[in-house]
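What follows is a set of structures for review.
Here come two complexes built around chain A, the first alongside chain B, the second alongside chain C.
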Partner chain A sequence: MTSMNDRILFEDVSKFYGEVLGVNRITLNIPPGVTTLVGPNGSGKTTLMNLMTGLVQPSSGHVSVLGLTPGDADRFFRQVGYCTQFDSFPRRLTGAEFLFDSLLLHGMSEGDAFRLAAEAIDRVRLGDAGLRRIESYSKGMRQKIRLAQAIAHHPRVLVLDEPLNGLDPMARAESLALFQELSRQGVHLVISSHILDEVDRISDRVVLITGGYIVAEGDIHEVRREVRDKPMQVLIRCDQPELLASRMFTANHCVEARLHADGKGVFLRTADIDEFYRLLNKIAVEGLVTIEAVAPADDDTLAIYQYLIGGDGSPS
Partner chain B sequence: MKTERVDAIARSVRSQPWGLWWLQARRLVRMELRRNLFSWKAAWIYFLAFAPTAIILIHLLFESHPAYEISDDADVLAGIVQFYYIRLGVFFGCLGIFSRLIRGEMVERSLHFFLLAPVRREILLLGKFVAGSVSAVILFGGAVVADFALMYAGFGAAGREYVLNGPGLGQLEAYLAIIVLGCLGYGAVFLLLSMVLRNPTPAAMLVLGWEAINPVMPPLLQKVSVASYLRHLMPIHVPGQGIFALLTVQTEPVAGWRAALGLICLTILVLTYSCYRIRRLEIRYTTE
Partner chain C sequence: MSVYKHEYRAYTGRLTPLWARLAVVARYAVAEAWSSRITVGLFTLSMLPVVVYLVGIYLANNPLARMLIMRRDSVFEIDASYFLRVLETQNWFALVMAAWIAPRLVCPDLANNALPILLSHPISRLGYVLGKLTALLVCLSPVTWMPCLLLFAYQGYSSAGPWFAGNLRIAAGLMAGSLLWIALLSILGLALSSWVKWKVAATGAIFAVVFVPAGIGGIITGVLRTKWGFLLNVPVMMTQLWQRLLGGPEVMRADLQLSSTAILIVLSLASGICLMMLNARIRGREVVRG
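What follows is the complex of A and B.
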């Protein structure tokens, strides 16, 4: 029971908007760490997040976060922060006033609310813009103030719907660094994003969703291994890539080889990763080629996205 | 067995964070008041409330006020409250104020900020209702007080005598009670309509029609009307003439306290149902 109280649980959850399917029979058990929701537009990512936070109610099934439900708002929203995609704010407020008002609703003292609002503005690097009206903000600044509002009360669970949208490369890197820092502090992060290669770097787990159904979920490397019908690609850095490629092709499981652009490595695609590594070890022991580094070349969310869902997983 | 159950319920009630809820409600009311009263969007409600005040001011400045006309002006003021404020001003003012509280936030796509705060949805709804009621009472109550003061200011000593030693202050109290109860009653109805319907205006027009024909309905149905309760609280009854006759129908007199209690019960009933509805409320801005 205690272990379940640090999880986000979806138990056979379905959501229909009239006759339109949102998500169907979702069962998920999300442990602490960084979890990325990946899927094309309209796949059900935002519906999952809205179900998690009570903005929509499940048609059937049950959702809980750390053992709490959104119906118990007093306790639930002290633990959960949600940075939505909705790009609108209460009118005529500065960024700081917006955060201050939000924090006052938690029931904290005005002094604490002021301190936490200033801290959140600092953490998202909004600077003096926090004292300007939100109406004058750029898209990136609005994204930052939304993020600041979600993290200001120090939640244990942070739900982020496309948090990198509208941010320039520098701000994206800052946000990712902040997510990593929050993760290190033990915050449970659930992120949906189209910018897969960036989010991939900080993710512990991935949930792939399309058409309202979960296609795969779990540790990124485990999910990749489970995709048995798609050959895996491995990059091997060595002194004689052509020779290595010809040796590896003697084995049936090797289906493709491509030299690296700098000529000092080779991408090999294999249908049997275990056999592949066994053969590679043998070649290394023989001393035929000097191997400097071996790394999976498509063991990431983007590759899994392409295999399981299709498309390029790039920002839309 | 029954005592144990009662004790358990009492314990459960006592263990609730009432202090926190009270604090959250107060802060919510403060925020909403700021937005209701100090916004350009509220300008038309100011106009609705103070249009009669402007007319009475012109009457004060440009017409003579012989003492024998005091009772005529008292009837005029009663007519303004009965036909303008209750039937139009408070009605449409409350429609504007209370439908903005939930539906307006939906249209502006900012309601989710409240639903993601650690505030029980019932507290949220009641806080918004109180804020709307206070805003409406400040505007329309303030307007009626101003109307009253300007109406009798021109009469000099006779006016002071009528207000301070005559029936004047009693009438003002009754008008204010009517305004407060009207704001609560219509506020609760429009808050619910704005939560249930995407566009509450057509339904509000039906309510307006219902209020007009309600006096000719059977006694039981008459209880489902805000104006029917308010009518019994009027200190001066002004018979309708011409088009106003459509807005007034003679009904059996009801004691003032019973009318006030009836309206408060109706308001509580509507708010209770609204609390049930807001627990199921979903954010679907794309369908707005």
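What follows is the complex of A and C.
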């Protein structure tokens, strides 16, 4: 298999719904791992997901998933699992029956469908609730059965639209652990979520989209470094934070300092991160202060979202 | 490549053929249709005329019954006209059932955005429509051609002479007339249901599309003194078509007869419009713009 056959590729893709712009001139190359789609409501995230799951066709450009196009439906949908944000289930079906029928729709034999449905229920930890009717499920359980439906046929690409909505903290943690496990096993996970701080922990890459255009994409730390007009914030844990702050302010690039609430650290904001670390090294070598820890304080998805798009990333 | 990748095993088993997947959609839909007591009630009601017609055939063929119950001058013939009445009765019951069932198969999927989930399986939009269409045909068949053919078979069994072989055209007409009608009703029902998300409104829209143009056609015919107004009148067109398929006597004056070609063109146009409506609405996405 060539490397391009292991990627989700968007080549200059545009999608218009009549005169309404869905996404415009998108070029993406998504490798295996967890990729988070971030953007405000109506930014084009769902359109992007619909394009990669073959639910809509691009107005121009080309989309391929692991070298396959939706025209080859049998092979394409064997590789792709989609967990939509909408929740609709046939009435009177139990969770297990819903998965069983979904697997039959994927073209599995009854024996395989039965086995894979049981396995998926186990994976999302739905337990005995799998044998209950979906009408009786809580919102979190409905979210789980949707996720089970998406992973049941062992896809290599998993597209998850708001998969953490409605889940309690424990269920969120379980879902994130499952995503991490799948990611480690080489599955492509493309997740759109407004719960940025939690998704951030497992994301390898981020794609920021607004108004149908990609604003930034790539490794979160690299993207943050690219945002040069916003000074970066670093938390330094040390024994004399005031002294460190005054020393750092001798450099022009240091624009803000704020003591940590416990008095044992300082948040420093710098316009030149490379020069900042050089100076910090020098201070450490001089032995002026004892540095315990250094950690970037704003190179997470939420910070990048705030810098590039504005708002707090929560649904409007 | 991640070392863990080797743990992940994608499904490599054989896939079932496409028709088997469509059967899953159809099975869902049939179960949904028959889960309603009203569907069962309508079906039961639609069987009452069949019983009446069955009794009619029995009486017409039983010498003792004819002698005891019927005066000689009131004996009726079991012929194309009789089966035309059967076909008309059953096919109008089919309209009522289609107007009730079709919205229940499509409206909830559209109202709840179920299409993205369904269409992210290896079935196409065409497959989805075919599955629902199959379900409707399955639901309407026991009301239309099945009882009609059973009555025909019973008449063939009951009649003394070589009635069966001499009237095979009636059987073919019953089958073709019913299939044509329920196919048209199914496409019309699905198309209107895909545009009207509220089930009750969709049911009303199906009746309206059949009878409102018929009224307008009647006005055109009356005012302009032309038979072409009947091209908007589905009941008249279908009655003329069924009569010709069964080979029965004309039911309307000769100057009001429409040609079969004109009727088929109008029905084809109506079906084409319905398919365009379905193409516009049965999509695997919902545009959400903030």
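Couple of notes before you dig in:
Operating definition for what follows: the second predicted complex is superposed on the first by the 312 of 316 C-alpha atoms of A that agree within 3 Å, B and C clash if a C-alpha of one lies under 4 Å from a C-alpha of the other, contacts with A are read in each partner's own complex, and residues count from 1 in each chain.
Criterion: contacts are C-beta pairs under 8 Å (C-beta built on N, C-alpha and C of every residue); 3 or more make two chains touch, one makes a residue touch a chain.
All of these numbers come straight from a predicted model, not from anything done at the bench.
Clashing of chain B with chain C is the outcome of superposition onto chain A. In the superposed pair of complexes, A:G71 makes contact with chain B only, with no contact to chain C. Look at A:T84: by the touch rule set out above, it reaches both chain B and chain C.
Once the two complexes are laid over each other on the shared chain, residue contacts for A:A261 go to neither chain B nor chain C. When the two complexes are overlaid, the chain among chain B and chain C that reaches more residues of chain A is C.
In the superposition on chain A, A:R156 makes contact with chain C only, not with chain B.
In the superposed model, A:Q57 lies in contact with chain B only, and not with chain C. Of the two partner chains placed around the shared chain by superposition, neither chain B nor chain C is touched by A:A293. In the superposition on chain A, no contact is made by A:V285 with either chain B or chain C.
In the superposition on chain A, the residues of chain A touched by chain B in one structure and by chain C in the other are 17, 50, 53-56, 73-74, 76-78, 82, 84, 86-92, 101-102, 104-107, 149.
Interface residues of chain A, counted against chain B in their complex, comprise 17, 50, 53-57, 71, 73-78, 82, 84, 86-92, 101-102, 104-107, 149.
Looking at the complex, you find that chain B touches chain A at residues 17, 20, 23-24, 27-28, 31, 35, 39, 108-110, 112-121, 279-280, 282-285. Those residues of chain C that touch chain A in the complex are listed here as 1-2, 4-5, 7-11, 13-16, 20-21, 24-25, 28, 31-32, 35, 108-109, 112-114, 116-124, 283-290.
Touching chain C in their complex are the following residues of chain A: 17, 20, 22, 32, 40-43, 46-47, 50, 53-56, 73-74, 76-82, 84, 86-92, 101-102, 104-109, 112, 116, 146, 149, 153-156, 182, 184-187, 316.
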